[in-house]
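Here it is, the structure, as structure tokens.
For reference, chains read A, B, C and D in written order, and residue numbers begin at 1 within each chain.
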Amino acid sequence: MSEFDQMYREVILDHYKNPRGHGLLEGADAEAEGQNPLCGDEVSIYVAFGEDGETIDEVKFSGRGCAISQAATSMLTELVQGRTATEVAGLSRDELLDEIGIPLTPVRLKCALLGLSTLKLALHKAKGTSLPQEWAGMADDLDLK
Amino acid sequence: MAVTTETQRLDAHKLRADFPVFEELINGRPVAFLDSAASAQKPRQVLDRMREFYEHEYANVHRGVYKLAERATAGYELARETAAAFVNAPSPRELIFTRSATEGLNLVAYAWGLDNLGPGDVVVASELDHHSNFVPWQYVAKRTGAEFRVIPTDAQGELHLDVLDEIDRAGNVKIVANNLVSNSLGTINPAEQLSAWAHERGAIMVVDAAQAAPHRAIDVQALGCDFLAFSSHKLCGPSGIGALWGKRELLEQMSPFNLGGHMIRQVTVEETTWGQLPYKFEAGTMPIAEAVGFAAAIDYVNGIGLDAIERHEHELVAYALDRLGDIPGLIGYGPPADRRAGIVSFNLEGIHPHDVSQILDMDNVAIRGGHHCTQPLMRRLGVAATNRASFYLYTIPDEIDRLVEGLHKVRKVLG
Amino acid sequence: MAVTTETQRLDAHKLRADFPVFEELINGRPVAFLDSAASAQKPRQVLDRMREFYEHEYANVHRGVYKLAERATAGYELARETAAAFVNAPSPRELIFTRSATEGLNLVAYAWGLDNLGPGDVVVASELDHHSNFVPWQYVAKRTGAEFRVIPTDAQGELHLDVLDEIDRAGNVKIVANNLVSNSLGTINPAEQLSAWAHERGAIMVVDAAQAAPHRAIDVQALGCDFLAFSSHKLCGPSGIGALWGKRELLEQMSPFNLGGHMIRQVTVEETTWGQLPYKFEAGTMPIAEAVGFAAAIDYVNGIGLDAIERHEHELVAYALDRLGDIPGLIGYGPPADRRAGIVSFNLEGIHPHDVSQILDMDNVAIRGGHHCTQPLMRRLGVAATNRASFYLYTIPDEIDRLVEGLHKVRKVLG
Amino acid sequence: MSEFDQMYREVILDHYKNPRGHGLLEGADAEAEGQNPLCGDEVSIYVAFGEDGETIDEVKFSGRGCAISQAATSMLTELVQGRTATEVAGLSRDELLDEIGIPLTPVRLKCALLGLSTLKLALHKAKGTSLPQEWAGMADDLDLK
């Protein structure tokens, strides 16, 4: 497989062109915004919990940016659907990166993790907890709020 | 018999042999390096000279009387003469080595600005300026209570000089800062005109020549400015060094910027007096080998001829604009070819510049996507970022063809 | 079974083969380079790495997504990690690249000093400090109305710490600045003790490690300081780059110093917000290849081992002090061998240091004569200048023998 | 001749060890001080004119510094003795350097010219004229007053 096919492989392009979970969520239970100041990618994430106040019932995102950030965020919405907030707040970056399944340079890694970092912040904000050490570094590079 | 004064042409194919970076092939092809506006590649001549200097002439400069120190001092001071002559400075004493163009601009902002600005004063930059010639002025204005005003641009990225009248009414104009060539759009700005306007008001004119110096002959006396900053790394020299030229009277009146070894005359616990120009502004150990490499780069560029380089880039821009015009959905920015330097900036409708440069990179075509350190300009253009291809003396039309091919592919994949 | 933890020895004769400068022979002999305290010579490993970087990995760093930009960014950021680890910084984000130790000290003086000092405050340096760690504090104190106080030294060049009580009564101590090793006398200063004293008073402690970092292991956490500055060129790395380590909370609270490209988050005409650490303090194009060379030098020095280097220099100093003791009319300065780094400073009665180094140079022995950027110390010692011989990992006893021979000759000619 | 013999040749050493014209001159008609901040060399020069107010009747110097600066100044006093102020104010540096007759690096050149620069300043001050362009650069590096 050529470098090209690896990076913009079919599934990435599909998520980029037909993003899942794209849109707003009025009255979300958790939400946050993230930006990658290096390239201007922006994403806002909205989460609605189920009746248990724990299960992720619905997750939506809006934003603009490169194919990697948009596709990764779209894939993320599928990945976390139905899981618990606690579980997702602790989700490892590798789980998402495996799903994305393309080689990423340090610059592009930040694009790929923009959505997940923002989602984590949304969940931690909703729970009143703070981002774990491992993600705080990422939050320094990305503008999360 | 008529004398024809045709500009010398350069042979980019031949010059490429001087640049080791083109020897590395990926899938049988060298990099199509179209990001020289960010930083240029280095010819063997520069690398050889630096190595020779480190191997046979290196020591700390000044004061030492032994042979290595003498050779190092001679190399460093010859570099100063070379850099001063390159911008037609009246004297090498007016040529201060800095880390970069950015540091040169900060030097003026701090060392002139902190002492000479206050409430009621106005500092002027433009929407077209690089952050390095924008943020220092904004910052020093804020620190001193002066006002910061910005000359806007039109949709093509040319300055709206008619706004100057209004700026004039805002207070005492003390500093006018502008880039000679825009790094985002290639616009060539009217520095002489701005200098004259500044001087009529008793203001100083600061020219950011970071993007101009590699590409066209610079003459500080003809420009009529008071300060001019440029960088080595953009004109085939090493990173880590740049130069600031300043008018002697101003440099002499000014406070120093960085303080420390070598820039002093006498240090006592009570008081310190400053050394002579240019040392007053060169505190501590300077980029010594880098100065020598910078001079080697200037020699290299001079050997080719700045007129030849300018003409070469002009031809490349015309060719590129022509070929890019064929790509559907391509939005170009910047003035017409005859009013710009070797830079083309564009977007592909609906496609993020990062994806464009990533896909181009897969075919080893290197361009830059981003705001190019000109966020105010991006805001004016209504975009977050653009793609930018920029050319230099080693650029060949084949690289532009590869860019165009690549852009077609980008559109096919992501369009 | 007892474990012996003998310090590794280094083999200076073997290491010399790494340094091309020693290949040039004059009258059959290489230079006896005894001026490493001013700047060190460079090993092939460093020069090779820089060349390789320029030939295969060079582009401007950050933002670029193409291969060369990626390689350059990786090289630059790996260099940051290397430099941060070298001084045991808690995080590479706290490691800011600068032009030199001097610039690092100025960064703190301007960016911390301008905002945090005022009348009633006290800034403290010492008589033993290099101008680069003296004049910036004096200057920023004057600019802000704070008081500048200096810890005096005794005749041997050791600090009179009993004066601290009196300094304490002069006002609110806000900054204590001191060099870890004196470049003029080799004195090793009590930085931990001064840090503790500073912190008891809510002051910040700034350590100038320009002369210490090449010669002994540095641990910013053990020193307990707030800022620490050092230079590449003194530890076998290229000129044009240095590093400043600072405590994260302080760096985050501080204003930036140089302003421009890359150090910003968002720029608008009204306001600019700063980027994250360490970029907030790295405006414009940095010394990219120099950072990579700096890291190669650190790797080189680490490969030999700082303990081995320290031991080697210690042996050389003891040998030199012993041999110099035989020269009639020689006046030595500085503390005993066991309390100093690899530097010996002296005068020959009635003979000007310039004549001493000139005559030594004729036999290709390179030492420095002058005030070594420590005029306040010279005043304390009652001299205008001294001769200084300084050693590094490639120094061999034979070079000290040549120095001693040369000094006998100086006396014969000019005595 | 070796490099050594060239630089510290007999005549230089003789002037260094037995400086001519060393001393002060009370009530001098012209005087100035010079310093080389790079190495701390210092020199003060005193001139007495003859009855014509033009001819240099006596010239003395005091100071301290390296052998080159002290010997050069000593040689200078011999060189200018009996000449007119106008002549000496226009004396070329080469005339002194020929007399000194040793190879000088840029750093040492300043040592060698310290005395002459100072003398020129003294004469120009006495005449109320200013140093010519060629010497003004030297005066920038040396601290003359």
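Rule of thumb we're sticking to: a residue touches a chain if its C-beta (ideal position, glycine included) is under 8 Å from a C-beta of that chain, and two chains touch if they have at least 3 such contacts.
All values derive from a computational prediction rather than experimental measurement.
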Centre-to-centre distance between chain D and chain B (centres being mean Cα positions), rounded to whole Å: 46
Geometric centre distance via CA averages, chain C-chain B, whole Å: 31
Cα-centroid distance, chain A relative to chain B, in whole angstrom: 38
Multi-partner residues of chain B (each touching 2 or more other chains): 63-65, 266, 354, 358, 369-370
For chain D, residues contacting two or more additional chains: 38-39, 108
Chain-level touch network, classified as line, ring, star, complete or other: other
Chains grouped in pairs wherever the two touch, ordered by label: A-B, A-C, B-C, B-D, C-D
Complex interface listing, chain B residues touching chain C: 20-21, 23-24, 26, 31, 33, 35, 38-39, 41-42, 47, 51, 54-56, 58-60, 63-69, 99-103, 105-106, 109-110, 127, 130-136, 138-139, 148, 150, 231, 233, 238-241, 258-262, 264, 266-269, 272, 283-290, 354, 357-358, 360-361, 364-370, 373, 375-376, 379
For the chain D and chain B complex, residues of the former touching the latter: 37-39, 105-108, 137, 140-141, 143
Residue ranges of chain A touching chain B (in the complex, touch as defined): 2-4, 7-8, 13, 16, 38-41, 64-68, 108, 111
In the complex with chain A, residue positions of chain C that touch it: 62-65, 70, 73-74, 77, 93, 265-266, 275-277
Contact footprint of chain D on chain C as seen in their complex: 352-355, 358-359, 362, 369-371, 384-385, 413-414
